[in-house]
Each structure stands twice: as C-alpha cells, then as structure tokens.
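Structures are listed in the sections that come next.
Next come two complexes built around chain A: one with chain B, the other with chain C.
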Partner chain A sequence: MFKVKQMVTSLESEILECLKSKGEIVTYTVAADLFYEGQIPVVAYLVLDGHIHFLKGRTIKETITGGNLVGAKELMSNTHAIMSAQIMPKTQVCFLSKSDIHEILEEENELAEQLDQIINF
Partner chain B sequence: MKKIVLFLSLDEELMNQSKNITKHLNLDEAEIHLFHCHKVQVYMNELSVYSYPTSDQYPEMEKATNSVLEQFAKEAGFKNYKCHTVFDSDPKDRAVKYLEDIKGGLAVVATKGASGFEGLFESSFASYLKKFSPADILILRPTRD
Partner chain C sequence: MRKIKEADKCQHCPSQGKGVFCDLESSELDELSQHKVTNTYKKGQTLFVQGNHPFGLYCINSGNIKVTKTGADGKETIVRVAQGGDILGHRSLFTSDFYTATATALEETKVCFIDKKYILKVIEENPSVSLHVINKLSRDMGSAENRLSSLHQKNVRERLAELLLLLEQTHGEDIEEGRRLNIKLTREEMATMIGTANETLIRFISEFKDEGLIEQQGKIIILKDTERLADWANLAY
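The block that comes next holds the complex of A and B.
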C-alpha cells in the first residue's frame, strides 16, 4: 500500500478539472499495460473514471479509481516505476506529457503550485 | 563552432520558409543540425492498444526522413550540416532535450503566419521553445505578400 502511494496522488476535484483541460483524454476499450515495473512512464495519467491495477509481478497490490494522478513524479524526475500499472476497460484517463506539465508549472497560479508540490513531495 | 538547430516540419510550406534562415544568418562558421521528431501516437480499438509508428518501422522512416532533410539541406545550400530524425511521444520536450544535449547555440523554427482571429494563436511548438529553450531562438515567419 505504501509503495503504491509513492506513485499516486489523490486530487481535489477543482485541481482535477483544471488538469484535465491541459491534456488528451482517452477512454480505454480494452485492458492494457500503462507501464511496467522499472520503466519510466512516458506520460502521467490523470484517472478520470474507471480502474487501474498496480501489480508487483502478477499480483495485484492495489486498485485505484478516478480522481488520482499516476506517475507524475516518476515522469518529471526520470525515476523508475516501482510497480506495473494495468488499466481496465472503460477507464477514462487524461494523458499529461512532460511538456504539458512544464507548461502548467510555468503558469503562476494555484494549479502550478499544487502540481509543483505533488511532483516535489 | 556555433551549433544551430533547425527544427523542421515536413510540411512543404514550412520547409520552404525554413530556407529563409540564410537571409538572416551567415552559416559558414556554423554547424547546422537539421532535426525532425516523429510523434509516436498511442491508439486503441476493441481488441488491443497500438502505437504508431511501431519500433520496427523506425529504421525505414528514419531513412526516408533523413533523405528529405538531406534534399532540403542541398536546396538551402548548407555545407556543414547533420540530419537527426527521432521518434518520441513528446516532440516538444525531446527538442529541448536535444538542444541541451548538444549545447545548441541557437534554435530556429518556422511558423505558419495567421492573421485576424487565428493570429491570436501561435504554433505550440514555437511557443514551447520560447519558454523552455536553453538557447536563443530565431522564429521564421512567412513572407508577407
């Protein structure tokens, strides 16, 4: 549980609404691997609806739902994911690329402050 | 020798516009890096998740793109140049990284001009470079008629 918490941040609805306007929203129709243990995520995933499983090997250690940001710290600091993440069908996520996050952080507003805290926590 | 990175789109209009770099700079003493990044897209259907291009398509695409860049360099009259074709899901970030890696002295990018309401929006690539490029930037705007 503790390990998953390192990779996932629960967001307030206001922050989530602001963030989702900054990236590309996708609804997965099939289960898919988002990233593997040991890999640096290609983007950060803002979970809007549905479920994402975190796995160590083949064992599901934790499942998260909408309202969470996944992999932002790893993406921005180029660190390896400590678990694999698998997205379930009908899950809606917003992809936030490194450049999207850089642009948000560049703005001097509350969203930038909040995101900065999340990434540097 | 100053390293100048020319970020090229494969759009014909923008490539022609990029040739205007020779009107602004003396390139005799510069090393020109012609850089193009193909965006890697992830998409899905009912059966699976795909990314395009796939990694086995990279060599062929790299070869084809580099030949376009080579042709461009010849037409522009460049002498000391290098072609770099890369693949990334985040071309803007990759461009900034490239400038940092080679310690680029100048970034050059062509943008499509827009008038009126469209003019309120500028190229997001050029806009990103303006904020995060470690090097100075030359933006090549279209010639006015």
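The block that comes next holds the complex of A and C.
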C-alpha cells in the first residue's frame, strides 16, 4: 500500500461494527474530494462499502475498499495527509468527527483502548 | 495528541471581530481551537460539493471562496463570494439537507472546520454565537432578495454596476487612482454573477472603461468613479 498505509487502518469486523454505531453513515451520490495532499482531514472516514482513491497529484496510487478507517490519526494529531483522497459515487462511509472520537476515547472501554492504539500507532 | 499551532488559534485569526465566535471568552476560544481543523485550500480546490452530506461548519480565516450552484444543464452560477470572517455550510447544517451549493477557493484560502456535534454544543451554551449566526443568515437572505429583484428588474448595465459596487463594499481598498477591488474574478465568473453571457459582460466592461468609470490592471479592477457607478446601478448610494 506504499505510503497510504500511514493514513489507513484495516479494522476487524467487531471494531468496525462498534465504530459504525458512533458516527453518521452516508452514501455518496457523486464523486468528491475528501481531502487534499498537505491538508488535515476534517473528519475520519470509516469505509463500509465502495471505493476511495488515494492520489499523488492526479495519479491514483492506491484504492481502498470497505473495512478501513481513513484519516483518524491525522485528524487527532493535526498532521497533514501525504496524499489526496477522492471518494467514488455509491461509496458508503461512516463519518467520525473529532467530537465523536473524543466521546469514544472518554468512555474508557475496550473500543476506546483500540481506537487509542490506532490513533497513536 | 491534540497539538495545535499557536498561529492557528482563534485568538490570532486575521478575521477576528468579523466571525461568529468573536464574543467568546479566551478560554472558550482555546477549547474551540482544540476542536477545529485548520486547512489551506489552493485556488480551485473545493471545500464541499453540491449534493454531498454536511458534517460541520466552515469558518473562513482569510481569502475568498466562491459558492456556486450547478444547474441541470451543468452550468455553474456564482451565488455569492465569501471572505474572511464568513461562515459556510451553516444552512445545510441546521436543516440536515445535502449541500445545495459547491464552495471553491478563488485563491489560496485558510479555512477552519468545526464538526457538527461541537458547533451545536457551542451554540447551545453561548447565545452570542446563535445571534451572530442569525445575523449572518439574515444578511445572506437580504443579499439573495436583492439579487433576485436585480435579476428581474434591472438590465445588464445596471447589474454590472451594482456588482462592482457590491464588490467594492466587501473587497474594496483605497488607492491613489480610486478604489481597487482585491478579488480576482474571471470574466466568466463575473458574467454568471449577473446572469449574462460572457460576450455581453465584456462589451459592458469596455463601455465602463470608455466612460472612465473603471480601469483594469490585469485581472484587478479599479473603480474610478463610484458615484457615477451608483447612478448607473440605479440605486440610492
């Protein structure tokens, strides 16, 4: 996965289901830029179904599918994304905002522990 | 984990005094700074796209952003130009509708994003923020009403004069030759703002230049005679 690895975390289905219940689930009808190279993602994206392309300039470097968490580390540490991300139509994602992630971390349960590990990895 | 650059804190915002959070106490601004995400958008990059789901509020730190609507025929119309201190995405946030317009940076623009959950909490706890948001919404509505009546009641010459005066109010700066508009819009963008064709706009700009109302330095327009422009715009100035 080249450098995309730093921005994407593959999740076990159990964690994915728990996180899914904490955010807002949306299906994109049109393609959209989620964030650009050098920016901080405004929310974290839990990909449930469909595709997200990672680009360097205009070249697609990697495509990820369901079961991945994108941008959580960058969002919580205010670090810049090393690639741009573009979501494709009909892709279903669950948005996890900074507030959602703070709430999860404050719960101090297993999910909080796992998420903390993902963010601080 | 939550480090934020000192320069990105709300207390150092160049648009301080113009935004919706300006009445908050320093400690509240510190908390807000921890919850926001600050990004720089290059010219042409989009903040959000018409038809997508809203998940927060965008607060412009500096720069200009065009808000456009795309019709069924694919044509783009600029509905407004937002600048430092303005907020974007607030309408869709409160109605939970999809974005009804697209926001694109007209130049290098610094923008802060605050997620929906946090912004609703801030609004609930701080009536001053709600009042500022209501104020912005009311102004937006007033501008939309003026635009609608202009499109119906005024000819292209009047609409162009009105647009130049409107841009003068928001982006005007005094220089020796007159009032310089500190915003770079293409002819096409200006044409969509007054609901006319490119060719017609170019014709009227030439006419305005010939009449000594405006002057051009590259893409920058300088208003030479705002009083006569107000007459041409057919408004009480």
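Brief remarks on what is shown
Everything below uses one rule, namely that the second predicted complex is superposed on the first by the 121 of 121 C-alpha atoms of A that agree within 3 Å, B and C clash if a C-alpha of one lies under 4 Å from a C-alpha of the other, contacts with A are read in each partner's own complex, and residues count from 1 in each chain.
One rule holds for everything that comes next: a contact is a pair of C-beta atoms (placed from the backbone, for glycine too) under 8 Å apart; a residue touches a chain by one contact, two chains touch by 3 or more.
Quantities reported herein were computed from a predicted structural model and do not represent experimental measurements.
When both complexes are superposed on chain A, chain B and chain C occupy overlapping space and clash. In the superposition on chain A, contact is made by A:V43 with both chain B and chain C.
Taking chain A as the reference chain, the count of touched residues is higher for C when chain B and chain C are set side by side. Residue contacts after overlaying the shared chain place A:N78 against chain C, while chain B stays out of touching range. Judged by the touch definition given at the top, the superposed model places A:E107 against neither chain B nor chain C. Within the superposed three-chain model, A:N120 lies in touch with chain C and out of touch with chain B [touch as defined at top].
Of the two partner chains placed around the shared chain by superposition, chain B and chain C are both touched by A:T29.
By the touch criterion defined above, A:E14 lies against neither chain B nor chain C after alignment on the C-alpha atoms of chain A. Once the two complexes are overlaid on the shared chain, A:K98 sits against chain B and chain C alike. On chain A, the surface patch touched by chain B in one complex and by chain C in the other comprises residues 26, 28-30, 32, 42-43, 97-99. Considering their complex, residues 26, 28-30, 32, 42-43, 97-99, 102-103, 106 of chain A touch chain B. Within the complex formed with chain A, the chain B residues making contact are 44-49, 89-90, 92-93, 96, 128, 131-132. By the touch rule above, chain A contacts chain C in their complex via residues 24, 26, 28-30, 32-33, 35-36, 38-43, 75-78, 95, 97-100, 119-120. The residues of chain C lying in touch with chain A in their complex are 1-5, 35, 37-42, 45-46, 48-49, 51-53, 55-56, 113, 115-118, 121.
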